[in-house]
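Each structure below appears as C-alpha cells.
Consider the two complexes below, in which subunit A is the common component and subunit B and subunit C are the respective partners.
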Partner chain A sequence: MSDRAAIGVELAEQFTDVAQQRRAATLGMWSWLLTELLLFAALFLIALVLRILHPDSVREAAHHLKFWIGATNTAVLICSSLTMSGAIVTSRLGWQRAMVRCMLATAALGSLFLVFKGYEYYQDYIEHMTPFLAWRPYELSGDRASQLYVSLYYVATALHAFHLTTGVAILLGLAWQARANGYLQRHQNRIEIYGLYWHFIDLMWIMVFTIIYVMNR
Partner chain B sequence: MMTPAEKRELWRHMREPAITFAVLLAFLAINVTIGWLQPFPAVWAVEGAIMVLMIATVLLFSMEVIEEPALIKFFSILGFVWVAILFGMTMIDYVTR
Partner chain C sequence: MTDVAMRERTPPPATLDRPLDYLHDAHTLRSWLFTIDHKRIGILYLIAITAFFIIGAVAAGLVRLALVVPDGQIFTNDTYNKLFTIHGVVMVWFFLIPSIPATFGNFLLPLMIGAKDLAFPRLNLLSWYVFMTGAVFTLATVVIGGVDTGWTFYAPLSTTFSNTWVVPALIGVIVVGFSSILTGLNFVVTVHTMRAPGMHWFRMPIFVWTMYATSLIFLLATPVITMALILLVMERAFGIGVFDPALGGDPVLFEHLFWFYSHPAVYIMVLPGMGVISEIIPAFAQKKIFGYKFICYATIGLASITFFVWGHHMFVNGQSEYASLAFSFLSFAVAVPSAVKVYNWTATIHKGDIHLDTPMLYAMGYIGLFVLGGLTGLFLATLAIDEHIHDTYFVVAHFHYIMVGGTMLAFLGGLHFWWPKFTGRMYPEVWGRISALLIFLGFNVTFFPQFILGYLGMPRRYHVYPHEFQLLNILSSAGSTILAVGYIFPMIYLLWSLWFGKRAPSDPWNAKGLEWTTSSPPPKHNFIVPPIVDFEPYDYPVKAGESV
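And now, the complex of A and B:
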C-alpha cells in the first residue's frame, strides 16, 4: 500500500479556511438528512397509529411480510456501513485504491439489498399481497384495515429503495471520479459527506425493519 | 501488499467501525430472535428499546456525531428529539382516546 496520496480540500472562495468549509458541508448535509428523517417519521407514525386503531388487522398483515428477507437485508446494510466506514478511513489515510475498492464493495452490498427487495416484492405478488392492484385478488380481502398497513409497507420500503438506488448511483459516480490522480488532494471531504448519507440510509432501514416488520408481528 | 506497519495503522483506525459493526449485528440478532419467538406480550417495548440503541450507535459512531463540533452535535440530536416530541404528542392523543 505504498500509493499513499496527499489529502486535502480545495478551498471555495466563500470560505475563510478549509475547517470552516468542512463544517459548513457537514451542517448542510445534516440539514437535508433531518428533512429526510421527518419524511420517514410520518410513515412510522402512521404505522403506530394503525397498530393502535386496528391491532388484529395489522398483526395479520405483518405476519404476511417476509420477515427473514427483511432481517437479511438489515444485515446486508450493516455490512455496507462497515465498508463505507472503510472508505472514509482509507480516504483519511490517503489510500486511494483501497478507498475506491471499499466504495465499490459498498455499492455492491447496496445492490444486493435491492435484489433481495425485488425478490421480496415478487413473493408478495405471488402470494396476492398487493391490495393496490385492482385486477389481482388480495389475500386478506375481507380485512380492509390490513390494506392500509400493507400499502404503508410498500410506500415505506419503496421510498427507502428509491433512496438506496440513488445512493448506489451517486456512489458509483463518486468512485469513478475518485480514481483520478489528485482527487483526495482536492475533494477528500466529499467521501466524508457522502458517508453521512449512506449511514443515514442504513439508519432509516433499521427503523423500517423494526417498526414495520418486527414490532407489529 | 500491505506492510505490517500499514496493517497496524489500518486496524488502529478501523477498530471503532469494526466494534460498531459487531454491536449492530448483535442488536439485530437479539431483535430478530425475540421478534421471531415473541416470548411475551409486551415484547414490542424491548424491540423498540433495541431499535433506539441501534439508532444511537449509528448516530454516535458510524456517523461520528460524537466527534463533531458542538453546533453539529446539537443540530443532529435536536432533529431526533424533535421527531420524538412529534411522536409523543400524536401518540398521547391516540393512546388516551
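And now, the complex of A and C:
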C-alpha cells in the first residue's frame, strides 16, 4: 500500500500524555463491557432457572427455534470479527483506505446478520410463535412455560440485535469520519476501542446462541 | 525539595476578580448547562439532588402526619401508599444513590488524586443529563399519576395487581441506572489512570478508595437490576410471565435479582459516607488516621462481601433454609470490616487535638448512629429474630439509622467540610452547630421509637394500627418536625453564605490532602502547577509518644 498514513492520537486536555489517554480509553471500554456482560448475564441466569424449573417445556420450546439460521448467523458474526480485526491491524499499519474497506465489510456482515435475524423473526411470526401478542395466539406445541421460554428468546435476541444495530450505526459513522485524510493521525485509538466493542457483540451472540438455542435441544 | 515547593506554595487569595476560579470562569446559564468541568457538574448534581431531597422529605413529612392517628383518617389508603412510594423512590433512587458519589465524588475525586479532570469529561456531563431525564420523568409519574408499589417494585403487586403508573416509573428508574453506570465507569478509569505522579494506591485518601469501591458496585450490580426492571416492564406490557407462577415464572426470582443489586446499593450509599467521615475525623482531630491500610482493605472487603448477602432480605419468602443459613452467616461477616472502620475512627479521635466544628459534630453523630444501625442489622441477620421482626418498623428504623444516620449525616458533614472549597465562602459556624445538634436530636426522636414499635409488632407500610401504638407514633412524628427544622436551617444559611459568608482561605481547617493545596474555589483545571506527590496520606503532625 502506498497511501500509508501517520498514526497517532490527538491529546485531550485532561490527559498529560497519549499513553495515558490510550490506557484510559481502553480501560473505559473494558469497564463498559463488564457492565454489559452482567446485563446479559441476568437473562442467561433466568434461562438456566427456567431450564431447571421446567426442563421438558423448555426443550419443547427450543425445538421451535431456527437452529440453522442461528448457526449461520454465528458464522456471519465470526467473519465480521475477522474483518474488524483486519481494520485494527490495517489501522496500526496506517493503511487508512484498507481500514475503511475492512470497516465497511464488517458493517455489511453485521447488516447481513440483521437480515437473517429479521427473516427468522418473520418465520417465527408466520408459525404463530408469538406468545406475547394478545391478538395472535401461540399455536405451537408446549405449555405456558414453553411460551415463557419463547418470550425470553425474544428478549435476549432483541437485546442483542439492538446492540448490533447500534454497533453497525457507530461503525458506519466511524467509517464516514475515516474518509478524511489524517484521520489515523488523530484518532487511531478509536478503531482499537471500537474493535473491543464489536468483538464483545460477537461474543454475546455466541453465548445467546449456545444458551438459548443449543443447550436445550 | 519538591516537597517544600509543593506544600508551601500559597495560591493567591480568593477574590471575585481572579479570573481562574471555576465559578467565575464564565457566568452564563449555557456555560453551566454545557460545562464539562467536573466541579461544575458536581454542583449541577448538588442542586438537582437537593431539589429531589425536598420532594422526598415532604412526602416523608406527610407519611408521618398520617401516622399521628391510629385509624388512618388523614389520607385514604391509596394516597398513603402513593406517599410512601414517592418517599422511597425519590430518596433511594434520586437522592441517596447519587448523593455523595455524584456531588462530592465528581468535585473531589480529580482534586484528591491531583488530576485536571475525570478521564471522560463529556461522558460525565452526559451522565448528568441521563440522570435528570430519568429522574424528572419518574418524578412526574410518581407525583402526578402516583405509584403504590413501594420503592422495591415487588412482583406480583407491581406486575399484576397495581393499577397505578408503574411502567413509566420503572422506565425512569432504568434510565437513572445508566447514569450511575457511566459515573462509576468514569471514576474507575480516573482512579486507575489519572493519578498524579507519586500518588500510589496507598497514598490515596480513603474517600478515593470508597469512591473506587462504590464505582465497582455501580458497574457490577446496576446492570442486573436494569435487566430485572426491563423484564418487569415486559411482564406488565406483554404479560410474558417471568415473575408469574401461573405462567411458569417465579416472583421470588425478581426478589433475587432485585436484592442482588439493592443490597450492594446499601454500600453505594454507605461506603461514600464512610469515605467522608474518614476525611473529616483526621482533620478535626489533627491526627493521622489510625490504621490507614486496614480501612482501605475494609472498604474493599465490604464492597466484596456485599455481593453475597442479598438473601438476608428473603428469610421468610420460602427460600431454602440452608441458603438462609449461609446468607445469615455472611451477613454477620459484614460486621467485621464495619467494626474495623468504627474502631479506627475512634482510635483516630483518641488523644487527638479535637475541634468540635460542624463537620466533626456530624462525624461523631455518624459514628453513633452507624453503630446503632449496624448492630440492629445483626438482629435482622439472625434467622430466628428475623422471623419475628421481618417487615416491621424495626426494619424501617434499622435502615434509616444506616441511610439517614449514615449517608445523610456524612453528606451534611461533608457539605460543611468542603463548602469553603466548593464556594470559596465559609458558612456561619454557630448555625451549623445548632443544626447539626437538631438533626441528631430530631433523628433519634423520630427513629428510636420505631425500633420499639417494630419489636412490638407494628408492620411497615400500614397506616391503620392498634391504639396502643399511638404514643410512640406521635413521638416519632414530633421528632420528624425537629429533623425538618434541622434540614431547613442549612438550606437557608448555606445559601446566605454564598453572598455574605466570610471568604475562605485555601485550607480553612488545616486539613491535609491535595484538594486543600489549591485555592478555594479551585481554578478551572484544579492546580496551577500540576502536583507531584511525595508525602504520605493524612500527614498530620505527629505528637511525641503517639503511635501510628
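We take it that the second predicted complex is superposed on the first by the 214 of 217 C-alpha atoms of A that agree within 3 Å, B and C clash if a C-alpha of one lies under 4 Å from a C-alpha of the other, contacts with A are read in each partner's own complex, and residues count from 1 in each chain.
Rule of thumb we're sticking to: a residue touches a chain if its C-beta (ideal position, glycine included) is under 8 Å from a C-beta of that chain, and two chains touch if they have at least 3 such contacts.
Treat the numbers as computed from the prediction; the structure is a model and nothing was measured.
Novice: Should A:166 be classified as contacting the first partner (subunit B), the second (subunit C), both, or neither?
Specialist: So A:166 meets neither subunit B nor subunit C here.
Novice: Touch check for A:23: first (subunit B), second (subunit C), both, or neither?
Specialist: Touch partners of A:23: subunit B and subunit C.
Novice: Give one of first, second, both or neither to describe whether A:13 is in contact with subunit B, with subunit C, with both, or with none.
Specialist: It touches subunit C, and subunit B stays clear.
Novice: Looking at the overlay, does A:155 come into contact with subunit B only (first), subunit C only (second), both, or neither?
Specialist: Touch partner of A:155: subunit C, not subunit B.
Novice: Look at A:34 in the shared chain and tell me whether it touches subunit B only, subunit C only, both, or neither; answer first, second, both or neither.
Specialist: Once the two structures are laid over each other on A, A:34 reaches both partners.
Novice: Contacts for A:207 in the overlay, against subunit B (first) and subunit C (second): which applies, first, second, both or neither?
Specialist: first
Novice: State whether A:147 touches subunit B only (first), subunit C only (second), both chains, or neither.
Specialist: Second partner only.
Novice: Who does A:53 touch here: subunit B (first), subunit C (second), both, or neither?
Specialist: Both subunit B and subunit C are touched by A:53.
Novice: Which of the two partners, first being subunit B and second being subunit C, lies in contact with A:67: first, second, both, or neither?
Specialist: first
Novice: Need the overlap of the two footprints on subunit A, from subunit B and from subunit C, as residue ranges.
Specialist: 23, 27, 31, 34, 38, 41, 45, 49, 53
Novice: Any idea which subunit A residues touch subunit B in the complex?
Specialist: Against subunit B, the touching part of subunit A is residues 1, 23, 26-27, 30-31, 33-34, 37-38, 41, 44-45, 48-49, 52-53, 67, 71, 74-75, 78-79, 81-82, 85-86, 89-90, 92-93, 195-196, 199-200, 202-203, 206-207, 210-211, 213-217.
Novice: Note which residues of subunit B are touching subunit A in the complex, please.
Specialist: Contact set of subunit B toward subunit A: 1-3, 6, 9-10, 13-14, 17-18, 20-21, 24-25, 28, 31-32, 35-36, 38, 44, 47-48, 50-51, 54-55, 58-59, 62-63, 68-69, 71-72, 75-76, 79-80, 83, 86-87, 90-91, 94-95.
Novice: Contact residues on subunit C for subunit A in the complex?
Specialist: Contact set of subunit C toward subunit A: 115-121, 181, 184-186, 188-190, 192-194, 219-224, 226-228, 230-231, 234, 238-242, 246-250, 253, 257, 525, 530.
Novice: Which stretch or stretches of subunit A touch subunit C in the complex?
Specialist: It is residues 13-16, 20, 23-24, 27-28, 31-32, 34-36, 38-39, 41-43, 45-46, 49-50, 53-54, 57, 131-134, 143-149, 151-152, 155 of subunit A that touch subunit C.
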